[in-house]
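Following this message is one structure expressed as structure tokens.
Going in written order, the chains are labelled A, B, C and D, and every chain counts its residues from 1.
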Amino acid sequence: MMNKFDKAKNLKIAYIGGGSRGWAWKLMSDLAKEEMLSGELCLYDIDYEAAKQNEIVWSKVEEHPECKAKWNCKAVKTLKEALINADFVIISILPGTFDEMDSDVHLPEKYGIYQSVGDTMGPGGIVRALRTLPMFEEIAQSVKENCPDAWVINYTNPMSLCLKALYMTFPEIKAWGCCHEVFGTQKLLSRALSIIEGIEEVPFKDIKVNVVGVNHFTWLTEAYYKDIDLFPVYEKFCEKYSDCGYELKDEDSWLNKFFDTHELVKMDLFKRFGYIAAAGDRHLAEFCPGYWYIDSPERVEKWGFALTPVSWRKENRDDLIEESKRLVSGQQKFEIKETGEEGVRQIKAILGLGDFTTNINIPNQGQIPNLPIGAIVETNAYLTSGTLKPVFAGNIPEKILPLVSRVVAEQEVVARAVKERNLEIAFDAFIGDPLVTISQEKARELFDQMIENTKEYLKDYGV
Amino acid sequence: MMNKFDKAKNLKIAYIGGGSRGWAWKLMSDLAKEEMLSGELCLYDIDYEAAKQNEIVWSKVEEHPECKAKWNCKAVKTLKEALINADFVIISILPGTFDEMDSDVHLPEKYGIYQSVGDTMGPGGIVRALRTLPMFEEIAQSVKENCPDAWVINYTNPMSLCLKALYMTFPEIKAWGCCHEVFGTQKLLSRALSIIEGIEEVPFKDIKVNVVGVNHFTWLTEAYYKDIDLFPVYEKFCEKYSDCGYELKDEDSWLNKFFDTHELVKMDLFKRFGYIAAAGDRHLAEFCPGYWYIDSPERVEKWGFALTPVSWRKENRDDLIEESKRLVSGQQKFEIKETGEEGVRQIKAILGLGDFTTNINIPNQGQIPNLPIGAIVETNAYLTSGTLKPVFAGNIPEKILPLVSRVVAEQEVVARAVKERNLEIAFDAFIGDPLVTISQEKARELFDQMIENTKEYLKDYGV
Amino acid sequence: MMNKFDKAKNLKIAYIGGGSRGWAWKLMSDLAKEEMLSGELCLYDIDYEAAKQNEIVWSKVEEHPECKAKWNCKAVKTLKEALINADFVIISILPGTFDEMDSDVHLPEKYGIYQSVGDTMGPGGIVRALRTLPMFEEIAQSVKENCPDAWVINYTNPMSLCLKALYMTFPEIKAWGCCHEVFGTQKLLSRALSIIEGIEEVPFKDIKVNVVGVNHFTWLTEAYYKDIDLFPVYEKFCEKYSDCGYELKDEDSWLNKFFDTHELVKMDLFKRFGYIAAAGDRHLAEFCPGYWYIDSPERVEKWGFALTPVSWRKENRDDLIEESKRLVSGQQKFEIKETGEEGVRQIKAILGLGDFTTNINIPNQGQIPNLPIGAIVETNAYLTSGTLKPVFAGNIPEKILPLVSRVVAEQEVVARAVKERNLEIAFDAFIGDPLVTISQEKARELFDQMIENTKEYLKDYGV
Amino acid sequence: MMNKFDKAKNLKIAYIGGGSRGWAWKLMSDLAKEEMLSGELCLYDIDYEAAKQNEIVWSKVEEHPECKAKWNCKAVKTLKEALINADFVIISILPGTFDEMDSDVHLPEKYGIYQSVGDTMGPGGIVRALRTLPMFEEIAQSVKENCPDAWVINYTNPMSLCLKALYMTFPEIKAWGCCHEVFGTQKLLSRALSIIEGIEEVPFKDIKVNVVGVNHFTWLTEAYYKDIDLFPVYEKFCEKYSDCGYELKDEDSWLNKFFDTHELVKMDLFKRFGYIAAAGDRHLAEFCPGYWYIDSPERVEKWGFALTPVSWRKENRDDLIEESKRLVSGQQKFEIKETGEEGVRQIKAILGLGDFTTNINIPNQGQIPNLPIGAIVETNAYLTSGTLKPVFAGNIPEKILPLVSRVVAEQEVVARAVKERNLEIAFDAFIGDPLVTISQEKARELFDQMIENTKEYLKDYGV
């Protein structure tokens, strides 16, 4: 870390997964707009060529007339090169390929188990964790050796478990996880404010919320705009829309039909429990017992959300590869835009360039008293000079606790399975997951096939 | 409480549910053998005639040549008469009638939900709790007013929730719950010791165990006989019997075909999790996801246990009524026997007439660090002069925690529903129970019918 | 509380101790500058005339050309009138008179016990608490009845114990305590930054600190300006000044020779423990064993701080009474100035008019894990729309914990003594206080005299 | 550990400090009476000759007609030889010589600081800890390597800190500490029962007590004989004797004029706090502020207890050396007697040869909720086959907590000082100790001299 105020000029940011065509470009867009920061941006990716392409993309960004920043951006060949003396580390990787994800998400369908995302919990999330967490152990180990004081920001899923692996490997790591799902709910509340109260165009960050829960299964226990309590506003909104649904049309949206949602799950959960579920319906549905929202395509349709097929992700990836080529060749101009992501703002806050409070994922230190210490939870945190501290969030509401405590306990089992490279322990979690609504024999069969399909990334487990 | 050593002679025991023909007779049998205690035994029952019959039964007991005890036993007409200045209170009641229990247990079968007991958790347990807990609130209130220092022993199910209601109503109450399910597992371990190691006839109380969990879903994390670790012994036992099952033939058994068990669930859980599940299979199965052991009569048969029909309970009750008449008339002689219950021994321990350590149900004060403070848990406790203190039991093992933490959280929701007399909150618990493997709509329909069927006991809920 | 955004216009603020000539005038000054707030300002004081004078003072404030605010300010005769439907309550009272304080502070000197302030802990603080806390019980009870949702800000000492009494009486109260002692240390760090690093004129609020401890015995475990770690800066500062001391000349200072300090205690504590003690030396000295800094006037002089005599407070009060008369008569013009207090900014934050994070006193909910839950602690808190939440502050450093845990435990004893109106319990705290470096007999004699001297305010205790 | 029931025959007990002439002989006496145990008894001592003498002493014991046991007793030359494959380890060592202890206890007297024992806390206890704990680190490390499953019983002072060092070095160690101080208070209660109630000759183990606190500063929060609450009995006893004191004449006593006590401190603490302080007055006085009981020889005399001079210990040692010679030569016959110690009974309990509950010292796992997890506390524990588990003891009473929490916090600082071999941290504890009622300068001077006097054992600290 720098120890002189004016060295925000000599920052080193390491980007793990630096060949990414989604998050990396967003970061570049955000860095381009920021004149207070400069230094070195190291891109590391197991696909070195992809990182190299992004090195060139950045050179194009710097040529952009709106670019206010200067960074020495370079692709590097080893994790160590990226991390050595880094001040900040950003992790955004794809564990395995979309073929593995295909197995994670779609193989369970043969057993009547449907997953809308399949990257967090449920059969897909658990198997994904098995191949992802060892990579995070490796990163944490390398951070420990090469930049123990660096601040580490993760964007990779399964978010909670990735953070868990970082902290289990290197307990002193200064890592947190960022996720924009809560922002979507803040936007929905802004719309509700417009529709119900006639207060227009409130920026989502002005919707003040108290967040409790785990990533992708977060809940708001308080929500305000100025001194307006948004709970009664949202209640009226739900009365109006909980039959037919509401579609949030976001001009900046990257959503399409495979990401469709009508907020019906979210509104159903509010009506049942009285608290605002604060993630996309595709995520929320995966944390509830399967037969609530997701045990058949028909039920999914009824609840107005989509099962995102991995085939779409593959197509999208191919489109992005083409776009990358065009950016590199100069055929397409890099667009500097509002990304809605907060990574750069968070970096600035840590550097003393603007305090703020936002929701992040870190180990529970007591911010949620009725979840275990050490569980990875999502709450607000206060970011300021040299530190990030959780804001006390309060208990998970009693009625929701059965759902949330189960998740946290299951994640600990998966984390243990990875730590011990023990598939039997992983199966203990698998068979207890509420999406696995099948007999023990069938569950075993499915699990074994999912492991077999992704075995290239599971060698450590003796597969 | 007495404050003179020699007043163990003037004890007052209040028996709530004193018309009972099961537990009350066992208590009489145990008291009859005990010459160190004497005093007044007050029988209170909403069925006063039944209590009156038992008053006469005790008079017959005293005529028995083996009876060493002298008690002034009398039926009383009000709860207050029973409780006023009582030293010990025993609660063993049937909440509602077997008709309500019939609905609890068998109506869900129409929706494909099977329950082997139906009195603890699951649809039946939850609805049973709704009508039982208000009675416990009333008892706790009356204890507070009439005998605040009395020791209160509960035998009624749902055990954990009954205790919860007592403590929520009168936090200073000195109450605990007794259950013999763990004893059954100690007996099984004694058999394993015989079969595997050739050590014969070890009394079950000499099998020393560390108990963690909640009533009917208890686990042993340690088990010893002398200095022999019983885990490897039990492992060998499971290797031998986990295919075809093992039947514990207990000569004193009150079990019959409706209570059949082959310990296959217990052994399956041991093989999966590495800890000894310590309750009958009929109970254990109800705490696991429905599709593991109990989602069809076929699966239940495969796992070698029985679904106890309420019709059996009705027949059994009729038999006991006949037996009661014979005892009262003198046609049948009361048999003083070994009951295997510990109530009298516990009373003696509290009176300073012999310390011991056994498993009981009380609020968590930290004896299980990874369950919430205040949750009703089952662990060992040390009973001695003037006190009962939990023995530190340690954490619920990580792999089992997802199953157990869910139970505890669900019980809190049910307790809240009762406290607020709010059926919607009860439904929140109902729909999240892992036995309720049906859609929200069907669950609603089932719940409403179960409430309708038992509404006579649910008037407080605005039904 | 208002439930419409535009009703910041109809606020009701109740000021308990509204005849005050210090804090009340500061509040008026701060309100005068604030155009976003308006409504009713109710002044309640047991000295109704003093409140009435302040009502007039406010009318003069509104005539001031720089006054941007409009408030209906009125003195009221009962606590209930002040509190009914209040949105915010400010408490700033003098418990008893300066005659009682004279006994608190100076009688112990006859026994060789010296106190620099005498209002927090030590003999004076304990006896002060005995007469103050019953008043806070009464206020809390009235808040519960008249404005249970109001936000309550306390400025009265003993701060921690006053808050404790509020929460013991009405656990749902939304109260916190404000104290500017930490600001003084932030100012000192700003000076250190100038002297050691040559970075000039940094406003104290830009010195970002992590606060842990109890009021008047607070510690900084982190301190930054931008990305500069201030610990090494302060270390150099201490090297330079810990022999001869440093005097912070604050032009706005209300300090004089009776408040003198050379920061020698603060620097000594830093050198010993490695963390920055963050209150005035006069307060810090009172929390340490008496023989460290304060067991004789000579030692006090050596450590460069002053014992503030109550005679000064009396004179100062007389001056203020004169000033009040001049303000009321118009002879003197009210000066609208920078007060350095944060009350108005905090009110605005709660109303959604600007988030911020600052140090406040509230019950520990886990923000300091190694102090008991419920103890009144001082840490940062995040204030935003509709809520105030502690920021996780971390443990009291191990080396300081013996000193701090003692304070917290002692305060619990004093709070109990008040709750039970039991002087014997108060004496338990008294005799264990580290300033009471005398024999049990002498301590008893002193305590009894201090009680006798202040008995007019201790009638509830059976004096 | 043995894994066959009948191998209680092949136990290995390692005795560290095996040349001891006090505890070792007591152990021999207890072993001699016990026919259920046999095996190997390894004596290790840095004074090998002393261990060798004791090897011979045991051979004499075995010749005793009342000896029922057979042990292969031998002195060994290395710690490793003693520990390898041990089942039980007993630690009873003298850290340094009595010359060091002379400095610990008597040098502070020159500064007006008196210590009645000087081996637990206070200046003497802290310096003793500095030289003792490194030895315990070495033992723990060796246990980890040579007998990680062994049960370790410590008798050495400072008890709590010795245990702390064992657990800090090897967290999985199965160690506890035994101390007979509580027994003395149980004996006193037995006398009170006789004097006040006329119930004669109650064995002290039949006085059932709930113990909370730290070693040598333990408190009884409950005490019963049968169903007689002993608190009112003790209250009457104190009324009778708290003026003139009571002398417990114990025929088996090893006490003499240097250990005199009249229980006046104990009764004073009871009258003040309402709970029964349960250690000898000489220990209790050292935990309270110095000016309560011990700041001058006159005050000590007034309170009726003695300051034990180290010269007595030296003489006593010389006597024991002579006695040892006589035993070895056969000139004196070894006397098998009732020692009042519980070590052998505890060993038997762990081996499944008789459960019981007694007070021991182990890390807090929640048995005392208001002390920190991990602090070494003294409470009851349940010893049974293969395990020792704390019995939930409840909170330290609020009024006593300021005294006890201070001790625990101070011990953590001393433990840290040792772990980091850092005398400055040790001085932080030293200067905060309530016996150190002198200025910082004097305290520094005293500390430095005490270190200098014992430097031979403090080389690791860079002295």
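The rule is short, and it goes like this: contacts are C-beta pairs under 8 Å (C-beta built on N, C-alpha and C of every residue); 3 or more make two chains touch, one makes a residue touch a chain.
These numbers were taken from a predicted model, which means no experiment stands behind them.
The minimum number of touch steps linking subunit B to subunit C comes to 2. With centres defined as mean CA coordinates, subunit D is found 43 Å away from subunit B.
Residues of subunit A in contact with two or more other chains: none. Every pair of chains meeting the touch criterion is listed here: A-B, A-C, B-D, C-D.
On subunit D, the positions that touch subunit B within their shared complex are 1-5, 7-8, 199, 208, 210, 222, 224-229, 350-353, 355, 357, 365-367, 369, 380, 382, 384-387, 389-394. By the touch criterion given at the top, residues 272-273, 289, 291-292, 295, 299, 370, 372, 398-399, 401-403, 405-406, 408-410, 412-413, 416, 425, 428-429, 431-432, 434, 436-440 of subunit B touch subunit A in their complex.
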